[in-house]
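A, B, C, D, E and F are the chain letters, set down in written order, and residue numbers restart from 1 in every chain.
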Amino acid sequence: MQSSLVLQNLLSAPVLFFFLGILGVLVGSDLEIPSPLPKLFSLYLLLAIGFKGGMELAHSGLGPQVLLTIGAAVVMSLLVPLTSFLLLRLRLDGYNAAAIAASYGSISAVTFITAESFLNVLEVNFDGFMVAALALMESPAIVVGVILAKLSAPAEDAESVRDQENGGDQEGSGSLRWREVLQEAFLNGSVYLLIGSLVIGYVVAAFSPAGLEKMDPFTEKLFYGALCFFLLDMGIVAAQRLRDLRQTGAFLIGFSLLAPPVHALLGLLVSALLGLSQGNTLLFMVLCASASYIAVPAAMRMTVPQANPSLYISTALGLTFPFNVVVGIPLYMALTRHFIPVG
Amino acid sequence: MKRIDLFLSERELNRVCKAITAAGAKGYSVMRHVTGMGPSGEISEGMDFSGLGANAHVIVFVEDAVLDAVGKALRPLLKRYGGVGFVSSAEPL
Amino acid sequence: MQSSLVLQNLLSAPVLFFFLGILGVLVGSDLEIPSPLPKLFSLYLLLAIGFKGGMELAHSGLGPQVLLTIGAAVVMSLLVPLTSFLLLRLRLDGYNAAAIAASYGSISAVTFITAESFLNVLEVNFDGFMVAALALMESPAIVVGVILAKLSAPAEDAESVRDQENGGDQEGSGSLRWREVLQEAFLNGSVYLLIGSLVIGYVVAAFSPAGLEKMDPFTEKLFYGALCFFLLDMGIVAAQRLRDLRQTGAFLIGFSLLAPPVHALLGLLVSALLGLSQGNTLLFMVLCASASYIAVPAAMRMTVPQANPSLYISTALGLTFPFNVVVGIPLYMALTRHFIPVG
Amino acid sequence: MQSSLVLQNLLSAPVLFFFLGILGVLVGSDLEIPSPLPKLFSLYLLLAIGFKGGMELAHSGLGPQVLLTIGAAVVMSLLVPLTSFLLLRLRLDGYNAAAIAASYGSISAVTFITAESFLNVLEVNFDGFMVAALALMESPAIVVGVILAKLSAPAEDAESVRDQENGGDQEGSGSLRWREVLQEAFLNGSVYLLIGSLVIGYVVAAFSPAGLEKMDPFTEKLFYGALCFFLLDMGIVAAQRLRDLRQTGAFLIGFSLLAPPVHALLGLLVSALLGLSQGNTLLFMVLCASASYIAVPAAMRMTVPQANPSLYISTALGLTFPFNVVVGIPLYMALTRHFIPVG
Amino acid sequence: MKRIDLFLSERELNRVCKAITAAGAKGYSVMRHVTGMGPSGEISEGMDFSGLGANAHVIVFVEDAVLDAVGKALRPLLKRYGGVGFVSSAEPL
Amino acid sequence: MKRIDLFLSERELNRVCKAITAAGAKGYSVMRHVTGMGPSGEISEGMDFSGLGANAHVIVFVEDAVLDAVGKALRPLLKRYGGVGFVSSAEPL
């Protein structure tokens, strides 16, 4: 049964297109999705998933289970960076450890979407409020990452950074820096679009439900195919990142492949305690297991410029993302089926 | 007159443009979706949608007198966030 | 009832996404739809609305009421620039007054589309031939604008322009200039695509109706979602334009907020005289009330380069467009319901 | 009946949008589809047609007729360049003759898709395996083209090319050159995407058919409209190419208008021998008649840089493509109806 | 040899390119979707779909002898429709 | 320091970039979707999806000492596949 889950995932259209992209790079095809087309698909997926999530949230309401699950998700996005940081600090300096930890505390929306598609094919139900959990896990991890970076900064370094800052862009005091961090954490384009679409989906479902049906062809019908197209590009990009792993080192490669299942197990534990359904458990595990390559790198680049972007991008995008999409999702589903009772 | 060419991450673009005008330049031009290679590695077109972003190429034509101020404003930004800058001579058409 | 109309509009998906875009700029999010993606949506909307309009025109036929309505629309697009010009001349030079007047005589396709969506949600019928009116209101306003600019040009200035022209691009005589104006007015990309799609929709509906059903998922089903996506970007762009209003001055701000309802009232009067249905009346009012930020600026930039583009773009896009989409449409609908008898 | 076929084609939405694009350039409209939007549609069409073809291939299976037809298609893609080359050599040097010959041996996916749409409207059946034939006709023609170019290269020239190569990019021996040719022939982005999507469509249909229905809105429903949009751009591009024909000369213009019907007749003969259905016959003829302006030029530019790209692009895109789409398809259908028995 | 850099609205591009070749330049390159700031305000990427359009950056490498003719042809266009031009020295690679 | 500007078909880009780094340059920047006109005709934006591809603009800032090596590596490529290259002087900001 486990192996059938793996197969069912491997033989699904989205994962096959992901492989097609990876293979293209490996065999040397010049296939590429020119910029800014990937951005179009990425914006579309965020808008659609947010809208649908908000719509379903309006139907299910904000009961105690919903709030508890979302709360637990936020706690996970604060916890995971802390434990990851301690581990990463064994080999990396504070800046890089903090930036990578933030990435793993946050989430990958595309991994989540792929898991949803997988559940759809298996005909396992899940709830729209999981999208709210997704949306609320991005920002806390960023804030934690910045705090960790500041705490681990050598004293003079912190000083000189502040000086540069003052000289450079005339921004002055330490308090201003915080505004920047919060802005990067909460108003990052992808976070903002996801939360905004969620709210809009909620409002439309609650107040003008006639609009839902008219949105359906765009946000629902088109979704699966657009995901395939985007995963084709993700495969290309992930494979290109694999080349960077030479400079990444064995430690980080190990981390990026072991962190996902470990965090997924943590998520399974929490899901069991919360009494989540099988579908929601898989999604919760995927949220914990996945790492951000959009919102967090964007924020870290601005707030912790001392960290090397290629380290956090390469691991999250080149290893953790493919691992979760290909192996992780069916593996977590097998665990879910084993430990979580049906319905 | 001087021509300044800057290559930096799209993410820093806003800051850099503000610094340019604050330093007294009367105009600038920006090309985005720039890829390339530099001391800190390769930036490929595929990364455009990710949080890393692609590069931007900023061109500023300034009077010789303003060059110093612009350089002073930009150097710390380039040092902090990455990116490179070059200067050459030019004159109005 | 009026207030419920406003609410129904405010809580519709397209308007909410428009707000999301505006809010994003105001709070400082870095959300953006990179170029040329907005162009994709803008071309798509023109193609789809043209095709659907032509299709419905083929069904309704070109009866006297249709021709009369279209004729009245064209007359409005000649009249509105004249009255606007007289008003604007109080404070602005001839070039700028002419360019802005042309913009307000012409139309905004997206405002029209938003009004159509609004009618759909209210389940109020309207006719496909209104799209033909839309398509035919762009060019006359441009021609009037250019004539007004020429008439108000100081004698020596007109002379020197002609000289420069001759020296510059060797284009020679004054008659050639007219060819350019007509080309900008009638062959402008957006005008051309809209009219072309209208004709194609008509032809396909009349001669190979089997194709209609196959176009439906693209031109009809996808439309509402694509409109939402595009309005998200329009919100971003409109809010960015708001910054320019500092240099615009109070007079122009007042004009851009008062002209729409005044022109809409004119449109209501004409609609009542023509005996249009409620749905068509709203669309007619919206045509009169809206201002162009695509075709007209493109044409004015080339034919009246003495005018300051940021004046006509900022007012049409930064104020008039949001006003119409948010407040105008439900307001005009309330007036329609009050003055126009049901079907 | 023949003339009704021509009309039915001329009045279909895709062909009308193609005309709209051509007309736009001729009358001087500034309508354009900015890059990389055409690439989006081109990638989408390849993905969708490949996926659907693979899906139908899985349903029909790989019987002897299927393999025979595909084999015959590959043979045609080897034969056509040879005969074309002999003809073109009358007036052109070996490099240019070889590059153009390769283009006419290969295929145009958009012409094929337009023919499929035409069959759909006529309600004539055709088989999914024809897409496999399409996919397999691109690479052989490229290989033949390169061989022809090498054979016709003057001895010293071949030498000096190898030297430059060695000096230039340090790539060394002649065997390495072959790797490059095969890579351009088989891993060219568009070939790779088409074959890859075909395989994925096959696999999904065979192993996880639940995914088919979810892909349907993207790959099937949207297809016709997207084709229209893309043909609008193809019209613009084709018309722009027409300008280049001045330098092309009468001989090449004649070739690009006569080669398609001649090759189509060859295709008709083969189809009759194979006993193909009417629908498959039309598609087979179109494959033989069409010329490549994507995969082959991309490959020739790298492997036969001595040839002038504007010659092979202008003829394939500016003349042969419009000829096939507008006149060829209905003409070939008339011939099919005349010579191939129904069902 | 001289290098000419022009920044102008996409709308004027056709005219400018025609003037360049008419003046005797043997080639030019165009980058579109350029944003920037100049005497007449800011051009942001968001305006690309509007009738205002974004900017274009045109680069022309010409023999010294042709510079005058190109400059003479372009200056009135830039004056009339807006845009800026700069010249610097270069040589073939 | 020298500034090298290359204009060539997107198709040759990979080769050219490899040659640049192999010749010892420490970085380069690439702008794609470039159109233009040169000895071998016009490249318009519409051709971007076709096999011809659009042009790319590559900018390389190198130490004077490296210029020769880069020029030597690039000239045969430009000759073989088409494209042009120019050099001018520059200094770091």
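Here is the rule we use: a contact is a pair of C-beta atoms (placed from the backbone, for glycine too) under 8 Å apart; a residue touches a chain by one contact, two chains touch by 3 or more.
Just so we're clear, the structure is a prediction, and the values are computed from it rather than from any experiment.
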item	value
Set of chains whose contacts include both chain C and chain B	A, E
Chain whose Cα centroid lies at the greatest distance from that of chain E	A
Most distant chain from chain B by Cα centroid	D
Comparison of A-B and B-E by number of C-beta pairs in contact, larger one	A-B
Rounded Å distance, chain D centre to chain E centre (Cα mean)	38
Between chain F and chain D, distance of the C-alpha-averaged centres to the nearest whole Å	31
Approximate Å spacing (C-alpha centroids) for the pair chain C, chain D	41
Rounded Å distance, chain B centre to chain F centre (Cα mean)	20
In chain E, residues with contacts to at least two other chains	31-33, 45, 88-89
Chain C, residues touching no fewer than two other chains	32-36, 39-40, 190, 217, 221-222, 298
Residues of chain B defined as touching chain E within the complex	1, 3, 17, 21, 26-33, 59, 61, 88-93
In the complex, chain A residues that touch chain B	32-36, 38-39, 41-42, 161, 164-165, 167-170, 190, 233, 236-237, 240, 244, 292-302, 305, 308-310, 313, 317
Residues of chain F touching chain D in the complex	9, 11-12, 15, 18-19, 22, 33, 40-41, 44-54, 73, 76-77, 79-82
Touch list for chain C against partner chain A, complex	7-8, 11-13, 16-17, 20, 23-24, 27-37, 40, 117, 120-121, 217, 221-222, 224-226, 228-229, 232
Footprint of chain E on chain F - complex, ascending	4-7, 31, 33-39, 45, 55, 57, 71, 74-75, 78, 84-89
